[in-house]
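After this come two complexes, each holding subunit A, first together with subunit B and then together with subunit C.
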Partner chain A sequence: MYGDHATALVHHLYKSSTLPPYNEDLVRQVVQEINELYIRLVQLLESVNNDLADPKIGGTAIFFHRVILRNKRCVLAYLLDRFYRLRDSGNLSSVDQLDEHTSASEKQLLAEYEQLVATYSDNVQIDVSSSLYPPQALFLQVKVAKDCGTIMTENGPVHLRKDTLHYMKRTDIELLIQQGYLLPIS
Partner chain B sequence: MEESYETKEDINDDVWRLRKWLVNEKCCNDILPYQEELVTGLADLCQFQQSLVEQMTESDDFALVLVKNLKELELERIRYLLKEYLRTRLRKIESWLFYLWRDKEKWSLLSSSETEYTKQLHQLITSHFERSFLSGLPEKLRTIDERDGDNPPGNLDDMDEFVFLYAAKEIGNVTTDPSSQVTSTIHIRKGEVVCLRYSVAKQYLLDESAFLL
Partner chain C sequence: MLVTRSKFSDVWNLLRKHCLRNNQPVLVFVTSSVDALCSCKILTELLKCDFISFQVYPVFGYNHLKQLFLELEENRTQWEFSLFIELGATVDLLQLLHWKETEISKYLFVWDTQRPYHLRNLDSRNIFLFDRHSQESWAKQVKTLPFVGLENEYGLVLQPSVLEETTLYEDNEIDITDADATASVEWDNESCVSLSWKYSEDETSQSFEELLSPNNNRITQHGSTDSENSDHNSKRIREALLYYAKPEWDACSSSILTYVLARDINQGTISHLWLAILGLTDHLLDSRILRRDYEMQISFLRTELERYQSTTTVTEDLSHIGMLSTSSNNWDKENERNDHGSKSRILYSIEWKLELMRLWTFYDSLMHSCLFVSHLATWKQQGQRDILELLAILGIPLKDAKQTWNHMDVRCKRLLQSKFSVACRHFGVHDICFPSFIRIFGDGSCFSAMDMVLCIRSLFLGGNTRESMDAFWKAYDSLVDSIVLFEGLQRAIYFQRYLIEEVAQVADRQRILSCKHFRYILWRECSVQLRCLLLSPLYRSFSVMIGETVQRRNIFSSKKPLLFLARVSPDEWQVWCLALIGHTSTVSPFFLYFQQTIVELLPHVRIEQGRLVYFVENGYEKILLRKLQSL
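For the complex of A and B:
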């Protein structure tokens, strides 16, 4: 039935709380269905010289048009919701981790979006991508999950080797925590 | 309530106002005016405090170390408020992007940076739509602003939804439902918490005589 592919596309995303892989096949099927319906609609209108006085012709034309609009709305909602989920998934700079689940266009969009947020932060001179949670204390105890090398702090260089514990200023290590290199303990 | 919502008239008044505006932004699905003076003023104060903190050299005096740490923590908290306020507004722009694009009068409520952000984001999203989907359709179907029945793409939530309002000042008599044929008014005194339709409460948010909870 017309509209089934679009419904399946939306349902596929709705069922999943995380981000499922980009369903290129279903999107292609919806595009194909829209194109077929559009050709049939144009042929119908040409056959009656755009005269929709006959209710059967007018009803059929409206039906085709409404299915086309519904299919289009479903796919646009699918794309937009995927963008919101990718935006909220946390660290966007490690796009490689999302390789299997995103389309090439989504990867490009995410990279451009990151750049847009960075430009906005430069304009207002406030980094909106940091301090995502209210600060509880100045200092945090963290465990190093992956080797981070050496970072400079106001107390001198700190070597962040895997499985070591450190008591450091939150502002110095916030980015590393967001990226998953450090795990807060307290 | 765990803390007083009384207006604090001291040097931290701006911090209190920013916090109220942040809660207002989080509690309503409406585009509120950007508080430019407030944000710029606090950002400048933060920079000044940062310079004071940097001038405080390391010392063995526990009192000095404590003062330095307290100033830094206060700085971090105010910076968090600023960032969260800007983030919340950006999220709203992202959620209501196509509504804003249709109703450009609302752009007067945004800052110049937010307006630029809106334009750029719209460009990014529509390019993504083109690449992923619209380019495969006939040319007459490639626009995004078509209506699907009675539903325009992107719309704000119902402006008549109920919200909780705290009166920071004496407000007086308020008509609770102007659209109803039955007139109903309540008297709102300073310090009272009331539940009103957002469309009625909005004017009191804008003149800061009340704020959302």
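For the complex of A and C:
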């Protein structure tokens, strides 16, 4: 039935609280449906010479038009919501997300967005990508989600091995938290 | 060296002083058990109070520990102190890690309830064993310790040939009386109650150098060095053999010791107390503590509870087992997610030994309770009829018994409260009750310490190292995260059902084979679930349940140690012994001979958890069995 693919696309995103992998197949199917419906609409209008006086023809044309608009809205909503999730997660440069869950155009978008943010931050001399809220504590407890190797801290080198828990100064690990290598634990 | 009860705060304050001065992190190594997790949580909270950095490493065996230290060395991690939680007491840590005492300036703090201590640890300047004994009682024990130096790093005495020359039992062997046993495990309540904490930077009582002076709890050289006399040698070896023969546990959990430390330095909270309760319950469920020692600890914890909460009212006392709780929703997951603390209360309660009673139906908890399974064999038709008869005696309709606990009729709950213990005696179940605690959360839902321990434990199920690592962190998160704990609940129910099936198979199919001095069970093929179970810390619960079933159902007339052999991989067999504590106060010849047989097969044996579990190469398990059978 028309619009099923678009509905499935929206459901796919709605069901997951985190960012799911980019569903290229479904998006392609929806776009294909849009194109097919557009071609049929154009053919219909050409056949009646753009005269929609007949209610049946008019109704069909409006139906096709509405479905096209709905599919378009669903796809745009899908893409926009994915972008918001990526942006709000703070993991713009997260290796996992770039490789596994995003499409090529999303990767390009994220790279350009990050560049834009960096340029703006340089211009105004403020890091706008950091947290808006002041830190609650000097130290933070974090779990290492991905091997970070050895980092230099104020108190010497610290090796951040995967699946270990660390209690360290926030300033030493803030960037790694933003990049998704470390997960803060309350 | 041993850190006795009165020195806990002094030693800890020295650690704080050094760490704050040097700004180096404390390394924390912790094993997979509920008690270890609780102790880790308490100790890391204490470190956080002083903003001391730390790093927590889960450990899955001593080989894994060695690997971790190699990596730390390669990465040139700078540290001065490390904490070992539920590991390290029974092995020579310095030899295991290839350290020379004179060359290192690092200190290892060990919180481990396994016994006996490795003698080299008692003698070491760098290893601090936290123990519940007082100075006086430890001074008496030191005199009875055997000669140091006859054992390897795992506490295996390396003189097997001497066994042929010595008799395992001598005619004038004196059995330990109950009085002696009580004296040796007495909890030093005096120092708990009359403790006054005094600490300031200016008057820290001792430096490490003073602590390490000869008069401070290190075992001094004992036994003369004139080793030419072979009788003297044999005697020493025999003493060492008897000392190391049987792995045991101390009469106290490490979470209680860490709680006591927290209290000593005035950082104890009710959350720490709850963690101490969980740790102690973990020991009880695994039969690692005697009933009387457990009750002693419970009375101590009960006294402590009154410090944090107002005295419970009479009404609350009567409403133990939460039977009057009528909350329809067990959990408000969203609200409870980060709220294991402030809105909840802890109550002392006399509980029944019915696993997960509040979390599924009363009928299911009867059918799958270790106590009823071992007494009544509920997997059989007769056992099921007995359960129905029990319900009939209680006057509880089956339909009500099959309701979830929270939805059960309040009248039925009142009937249980008044009649259950008496009705159980009719079926030979005499020890249905035990003192414990329950926690009532903000939404009115009730969770007993036993159930919480079972839920956390079930999260430890995992096969390979990767799965074990994920399982460890999940279990760690469940201490504070209700949603993860709820997942543990689902697993606990599944695990309890699975446990009964396996026990039924062992008991029914007569898979327990008997020899002169021991009995054994052999699994030539393990299913995936059984393998996950045996490779996780839950193997002990499983073996305890089998042991208790064998004993209570009088399948055999005499009590003997039980040996388990399971082929957990194509190349290895997992081998471990079970001797339920308190059943024998002298060391059976079997344990001595078992230890020596392991020594002979050492090149083909992998030791991961001290002398609790051995991994024997495929093919050598037959040799092991043959040697033990020839005893």
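As a convention for this text, the second predicted complex is superposed on the first by the 129 of 186 C-alpha atoms of A that agree within 3 Å, B and C clash if a C-alpha of one lies under 4 Å from a C-alpha of the other, contacts with A are read in each partner's own complex, and residues count from 1 in each chain.
We adopt the following convention: a contact is a pair of C-beta atoms (placed from the backbone, for glycine too) under 8 Å apart; a residue touches a chain by one contact, two chains touch by 3 or more.
Everything numeric in this text was worked out from a predicted model, so none of it was measured.
The larger set of touched subunit A residues comes from B, when the choice is between subunit B and subunit C. Contact with subunit C, but none with subunit B, is seen for A:L165 once the two complexes are overlaid on the shared chain. Once the two complexes are laid over each other on the shared chain, residue contacts for A:Y120 go to subunit B alone; subunit C is not touched. With both structures placed on the common chain, the touch criterion links A:L138 to subunit B and to subunit C. Shared-chain residue A:T150: touches subunit C; no touch with subunit B. Of the two partner chains, subunit B is the only one that A:L69 touches; subunit C does not reach it.
In the superposed model, A:L45 lies in contact with neither subunit B nor subunit C. Taken together, the two complexes place residues 138 of subunit A in contact with subunit B and also with subunit C.
Partner subunit B is touched in their complex by these residues of subunit A: 27-28, 31, 34-35, 38, 66, 68-70, 72-73, 75-76, 79-80, 83-84, 87, 103, 105-106, 108-109, 112-113, 116-117, 119-120, 123-128, 130-131, 133-135, 137-138, 170-171.
Subunit B contributes residues 39, 43, 69, 72-73, 76-77, 79-80, 82-84, 86-87, 90, 94, 111, 113-114, 116-117, 120-121, 124-125, 127-129, 131-133, 136-138, 141, 144, 146-149, 153 to its touches with subunit A in the complex.
Listing the residues of subunit A that touch subunit C in their complex gives 138-139, 141, 143, 150, 154-159, 161, 163-169, 186.
On subunit C, the positions that touch subunit A within their shared complex are 23-25, 44, 47-48, 51-58, 71-72, 75-78, 338, 469, 473, 476, 480.
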